[in-house]
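Same chain, two partners: subunit A is paired with subunit B first, then with subunit C.
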Partner chain A sequence: MLASLVSISLGAILVNNFVFSQFLGICPFMGVSNKMSTATGMSVAVIFVMTLASAICWVINTYLLIPLNLAFMQTVAFILVIAVLVQFVEMFLKKSIPALYSAMGIFLPLITTNCAVLGVVLLNTQNNYNFLESVVYGFTGGVGFALALVLFASIRERLEFADYPKAFEGFAICLVSAALFALAFMGFSGMKIM
Partner chain B sequence: MNRKQQLFEGVITNNPVLVQQIGLCATMAISTTLFNGLGMGLSVLIILTCCNVVVAAIRKIIPEQVRLAIFVVVIAGFVTIVDLLLQAFIPALSDALGVFIPLIVVNCIIIGRAEAFSSKNSVKDSLFDGIFQGLGYTAVLIAMCLIRELLGSGTIGGGLLNGASSFITLDGTGAGIRIFPQEYAAGILVLPFGGFLTLGFLYALMQHLLSKGAKKKDAKEKEVQE
Partner chain C sequence: MTVIWAILILGALGLLFGILLAIAGKVFAVEVDPKEEAVLAACAGANCGACGYPGCAGYAAAVAKGEAPTNACVPGGDEAAKKIAEIMGVSAGAGEKYYAFVRCSGTCGHTKQKFDYEGLDSCIAAARLGGGSGANVCSFGCMGYGDCVAACPFDAMHIVDGIAQVDRSKCVGCMKCAEACPKNLIEKVPATSTDIVACRSTDKGPVVMKYCDKGCIGCQKCVRECPADAISMDGFLAVIDQTKCVNCGHCSDICPRHCIVDIR
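Take a look at the complex of A and B:
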């Protein structure tokens, strides 16, 4: 049991990193990685929402959609759950933990359309994970996203002083740097527990 | 509205991927064979067109505050329809694209066009906008697939074309037309690394061409003024 959880975590963070090898959450990854402070705020928000969404969607899928033979409605149900969840988290944080809200407030609405969140939920059902495995996969997937985001933000801050051809200015050079990261993360492939 | 100009905008000057920088995840993830790229592009085109038409048709009765939620439900409905149709009729494509078909729901292209275009324009204009933007997306996917497949495995049209008796196959088994032997191909381009790199170079190319075009235009305007 523990071994399977460890291998799920290792897979989600390093071997099958959400950004660099599964291409999930690229838009927010490119959008907020230009400054370290925004990158950390987004990371915290994503870890939080991905863990919660995995847990809630697992419960809804197992106790509502499957017994009612509505499994074909998964996509619609999950995106609605995520949208409502994000809204609730935003309201809850605003009321009770204003410090955390001001840290990740503006990133929360963006998360609804982050494909890493819907992706992790769909992968959970595809892989037939149980409740604990789903939550662990959601949490560690978020950690993997955060790792990628923070690493990339630190590179992008240096890219501003780099010298490259004019045509590569802006988005193109970011993609090429991300490609090099993906190459580095390929080094983890084949790594597994037992 | 001028259709020709709208088409030019959708495919080139306001291309969803290369200029608006949205819908990147799927673009990089599935562009490994022509079969996947064409399938994904056409799925997005169909969903985008349907959503644009529906959103434009109901744009006057949607309350401003809940419009995003309504867009998402409309999109999710069409995505589910396409997902089920693919599972039933082209299962090979459904297997190859996997989780990226349901993920079209959160593809920013569709919600972006709903918000920016079809919630403000007529049904007819939105229909053409959906088709043209979808074509722009498909064009980028096909370009990515051709480059990655040719350089990464030495073939063209993998999964879709077959050198043998039946030329076009829909079960994803076609080996493609071999241009040069496998052992000379840079297999790394088919891996995630290649996705980022190819798109990066396409961006650079696009930026170069657009800036060149803008310069020419400036020069012409100056000539006219003088």
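Take a look at the complex of A and C:
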């Protein structure tokens, strides 16, 4: 049991990293990685929403959609859950933890349209994870996203001062460095934990 | 049958979530400071950003927190400052009135052109040519393609006789025009100052003579004759210190180039 959870965690963080191996959540990865502070804010918000979404979607899928043979409705039902969840979390934070709310700022509503969140809940059902496994996969998937975002933000802060050809200026050099990152993460593929 | 279930389940989920959110909206409602709303109503509502905050709402929030002065709403002027001070329960500091002023007098016929400009009708585009001054020989003056006119939210800026002119009856001093001007010619001047040097050329006198009839040549006549010692030289350009100026109007009378203008 524990071994399978460790396997899922390492898989989600490194081997099948959401950004670098599965290419999910690329838009926030490019959009908010230009400063370390915004990158960490977005990371925390994503971890939070991914974990909660995994839990709630598992319940809806197992006790509502599967018994009624409505598995084909997963995508639309999950999108509904994620949107409501993000809205709810935003209201809750605004009322009870205003400091965290203002730190996350615009990133919280942005997560609604983050494909990594939808990806994690759909993969949960594809892999037939149980409740605990789903939650762990959601959490560690978020951690993997955070790792990618923080690593890339630190690179982009250095890129500001780097001396590269004029033609690569701006977005081009970011895509090139993201590609190199993805190549590096391919080194983890094929790793297997017993 | 499946279709009906699908519709029912999704509808029920939607309804459930909707109700949940509605309840959450009530439970987690955050009270907005009533002062903030009142201040927002008292502002001019132009969202011009002259107060230094992102829009009227941003300013209202800062005022309600006590972080911003009550008289910072430029387009609202004295009236808004009084209202906001009343809401906040402090005495109204007199909000000084400012206008934009274009520091160039090189109207058509008084300046020389290097070439015929046929490009985009925009100062920023023209400023890319001719060494940064478009077709103008003068590298400081107004090119008159009206970027400031487009930027003005109050229709107070017009191109008259080849250069930009400020209509003081409409100008509120938000200085959007100054941000749009690639030559940095537009300055914020207090409504109380009456004599302003309408030239920014720091070129030497003989050089200015060649290209403009109205540019400051640095003859220093005004510096010598000013009764209040308010005028000094920045290179070959006269500069009036508005804090010392006594508004006698003598400099604008004696300026041989008529580039110190009396805007009384």
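Just so it is clear, the second predicted complex is superposed on the first by the 194 of 194 C-alpha atoms of A that agree within 3 Å, B and C clash if a C-alpha of one lies under 4 Å from a C-alpha of the other, contacts with A are read in each partner's own complex, and residues count from 1 in each chain.
In this section, contacts are C-beta pairs under 8 Å (C-beta built on N, C-alpha and C of every residue); 3 or more make two chains touch, one makes a residue touch a chain.
Treat the numbers as computed from the prediction; the structure is a model and nothing was measured.
In the superposition on chain A, contact of A:Cys115 is made with subunit B only, not with subunit C. Applying the stated contact rule after C-alpha superposition, one finds that A:Asn69 touches subunit C and leaves subunit B untouched.
Of the two partner chains, subunit C is the only one touched by A:Lys94; subunit B is not. Once the two complexes are laid over each other on the shared chain, residue contacts for A:Leu151 go to neither subunit B nor subunit C. Contact with both subunit B and subunit C is seen for A:Leu80 once the two complexes are overlaid on the shared chain.
Put subunit B and subunit C next to each other and count what each touches on subunit A; the higher total goes to B. When the two structures are aligned on the shared chain, A:Ala172 is found in touch with subunit B, with no touch to subunit C.
In the superposition on chain A, contact of A:Met36 is made with neither subunit B nor subunit C. Common to the subunit B-facing and subunit C-facing surfaces of subunit A are residues 73, 76, 80. Across the complex, subunit A is touched by residues 2, 5-6, 9-10, 13-14, 17, 20-21, 24-25, 27-30 of subunit C. By the touch criterion given at the top, residues 60, 64-65, 68-70, 73, 76-77, 80-81, 84, 87-88, 91-92, 94-96, 98 of subunit A touch subunit C in their complex. If you check the complex, the residues on subunit A that touch subunit B are 20-27, 30, 72-76, 79-80, 83, 112-115, 118-119, 122-123, 126, 165-176, 178-179, 182-183, 185-186. Contact residues on subunit B toward subunit A in their complex (touch as defined above): 21-26, 28-29, 69, 72-73, 76-77, 79-80, 83-84, 98-99, 102-103, 105-108, 111, 188, 191-197, 199-201, 203-205, 207-208, 211.
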